[in-house]
């Protein structure tokens, strides 16, 4: 059945056909400290951006999230847009990332197919940079997908890893850069330093990330609300973590398996360096 | 070979072409305490429902069940129907659920493709709600896939999670709601509170679930037989569990793997909340 | 590339196009005690059967076996045939089974597509029946894929599980019965009782199995050579086990993973009962 | 979307269309002691070979490597070529191998489809041979994919496993031989003895391997630079290992999962014998 086959692929459902002016895609999905997700979510709130598309994937955990109001929702990623004088913005955020390695390639491919049709030629991905230690004043670590982009972003006080040994960016934040390059899409990844405890949300790193981000965007954002917005987001942010925690608590025999999923979600959102 | 490709997909074999009147689909597959499966199985028995289709999937454990009579059977899900004055009923129950996350999306898609052709516009899924503690008088926890449905079901004394923090519904009971929503199919999930020990069947929670269910259906059911029917079902119910238990006992080296399968089966049938 | 897609499927390479008379397929692949594999291998030797096809699959462990002579061979399954007065025989044996659950469905489907074209209407699968304890005089446990077949085989002193609780047959020996049924192919599985230690080859159970098998086939076999033939087969038999053992020894960090593969191979060849 | 489907396959991007004279393919990808990778990388440097194609796969770890210069790169394999008087050479090396068993078959198939179009009729794969003990003077262990090839290579003092019991070659080095055979491509695997500690690079074994390799190729190579080149390669070589080490350190809960990936990468590059 073509339906079945099609449905089994990652797919994007467009609720609102928009025409955008040289749009910049900003990605902030769950990851270490949920830094990217908080920053992206806060921008969506502050800039009053409108959702226009949703992404569903068989590579997401096969569950629905049950909210306090008794309504269950599929795990998904969402696309929001904002029209601006010079250049429009698309923000990609959501509940989760792929739980299988191959799935990441499929999801990122579907995203790139979609945003290229919308005219995206540049991508900015957001994440946390796991230090493994307490972080006093979070630096913003950066990565680009071609050397020429370094000069453009250095002025924002981003640390492009000078003197560091090799590291990696795992998951969508990384693949959007790498696979974007193969499509001649420029890509930059900004990561706020965070201790890197997987189930710990780090608004401080998100705050530092946002300060750099709004400079780049030339946008005005009221930071007073960050904490309260993070609180509002908590339920959403915790949703995928809860299932993992519960599964672990209630199902000793399945710990390996639950760990496997947690492992996936976390590994694939983890930013590491040697 | 198209055959091979087709066969490798989840597929439904129809033994009896039925025409149904605005049918309500009720799903009760293996899960925590096998609550949904017992309730569904008991209804099939009590209402003398007839099987008309079987579902097979490469995402089920690759084994056959060997019964006392020496006959081996494939793992499968079955569809039963009942014609009634006002509205017909379809019950989906069976031996197992997908053992892979992606498989759940495939199986649920195949189910939805099938029942939509039968005219299903509303789905009621049954399951256990893992409390992780002893349960004296099991409540019935509910979830809907759009807010408008809450009023319709509140009168049955279902707890729609008022005041609860986020939780999740994993597996078919959850995805039928979430993926049904994307097809404009209304969905409600009813979960009987149960301790949530994976290999423990909980007829008490099933009994509580059935009492609410027959109110909703306006059906008469003799509950005296529940215990005996549960006994009759035990063999079937234990079949998938046995293989896991045995594998664990006999194969220390494969414990991780068996745990992985058990983990899957259980995780994917597990209802959790924070 | 169609090539890539085709190659990624399980496929059978026919070296010798044969026309067979109402052929009986006998399957004996690696499993508990390698009982089925030894019995099948011994028949191939004793009856001087000729190989006419090989099966390769991406669901087999991605390795080549390196023999003493310095020549490396792909993991594969082989089809042998024997022309006889009344009825021809096909024997399916080989190095391994699928290491993924889904893979088993794909491999068995490909086998059934192939043998159906050769006119196979009946399948006899061979395996070990894991008792988990020392076995003095191995019984032969049987299973059929439809009740009508029981009478036909009872006379051979096969125990069709009278009085047993539910058990399972995992892997090809089970799926050939279950998926064969869906194609109206009769199927019987004969299992020799064995302690069920995964890496232990059990010629005694194979010997018991062979005695029943030759009665069914009405064939003459010299059992004196069994031990020596088992010795000859040892290298082949050990090949897949060795890699797992070595991987475990040499790679502590990958124990979970090696266990995972071992788990797969063993689980999927394991015959269990409650 | 055909794009998505196509992209999800392993694919080779050709940057420079070359016509080659009876080319010999030499494969050296990450594995035990990174012996094959170092030897291949050193040849690419010493012989000043030019890259002409890159291979990307959804079966690679879903990450980008972040280098000191702040530029992120996709994980990939690379093809280099050298035109020579009698016979041209292609070298295949790169960052990683498939992390899934099925993926190995897909990647190797894609490689074989590609090099066959370039006229490759012979393949030489390089790897480490895990001894599990300290190795004083590394021998070169060999394997061929058909007996006739043994004579051709014996003169180079390669040990073709005389007197050894069965062993295996896992991953691309093995499958290129096995799957090449099915395409009538001759294949030889040369393995330098090494302790076999997965995260330890072994230039000594690579040096021994290179001495045999240049004899076979009739090439001149300055070995003085080996150590310095190995140093230059270290960053690249460490990249995939780093992510695994870090993930393990920073993510206790995901140890099973990280181990799983490490397990994969290592298992699939591991050469074992009984």
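For clarity, chains are labelled A, B, C and D in written order, and residue numbers in each chain start from 1.
Everything below uses one rule, namely that contacts are C-beta pairs under 8 Å (C-beta built on N, C-alpha and C of every residue); 3 or more make two chains touch, one makes a residue touch a chain.
Not measured: the values here are computed from a predicted model.
K.L.:
List every chain that touches both chain B and chain C.
P.N.:
none
K.L.:
Look at all chain centres (mean of CA atoms) and spot the one farthest from the centre of chain D.
P.N.:
Here the answer is chain B, farthest from chain D.
K.L.:
Can you grab the rotation angle between chain A and chain D? Superpose on CA, round to the nearest 5°.
P.N.:
90
K.L.:
If I list every residue number at the interface of chain C and chain D, are over half of them used by both copies, so same, or under half, so different?
P.N.:
Different, since most residue numbers here occur in only one copy.
K.L.:
Give, as an integer number of Å, the spacing between the C-alpha centres of chain D and chain C.
P.N.:
About 34 Å, centre to centre.
K.L.:
Using the average of all C-alpha atoms in each chain as its centre, how far is it in Å between chain B and chain D?
P.N.:
The mean C-alpha positions of chain B and chain D differ by 48 Å.
K.L.:
Among the residues of chain B, which are close enough to touch at least two other chains?
P.N.:
Within chain B, residues 256, 260 contact more than one other chain.
K.L.:
Taking chains as nodes and touches as edges, what kind of graph is this: line, ring, star, complete or other?
P.N.:
Chain contacts: single closed ring, each chain with exactly two partners.
K.L.:
Using the touch rule from the top, collect the residues of chain C that touch chain B in their complex.
P.N.:
9-10, 98, 101-102, 104-106, 109-110, 113, 130, 132, 142-147, 150, 160-171, 174-175, 177-179, 181-182, 187, 189, 196, 198, 248, 256, 259-260, 262-264, 266-268, 270, 272-274
K.L.:
Okay, in this complex, where on chain D does chain A touch?
P.N.:
1, 3-5, 7-8, 13, 56, 58-75, 99-100, 103, 235-236, 238-239, 242-243, 245-247, 249-251, 253-258, 260-261
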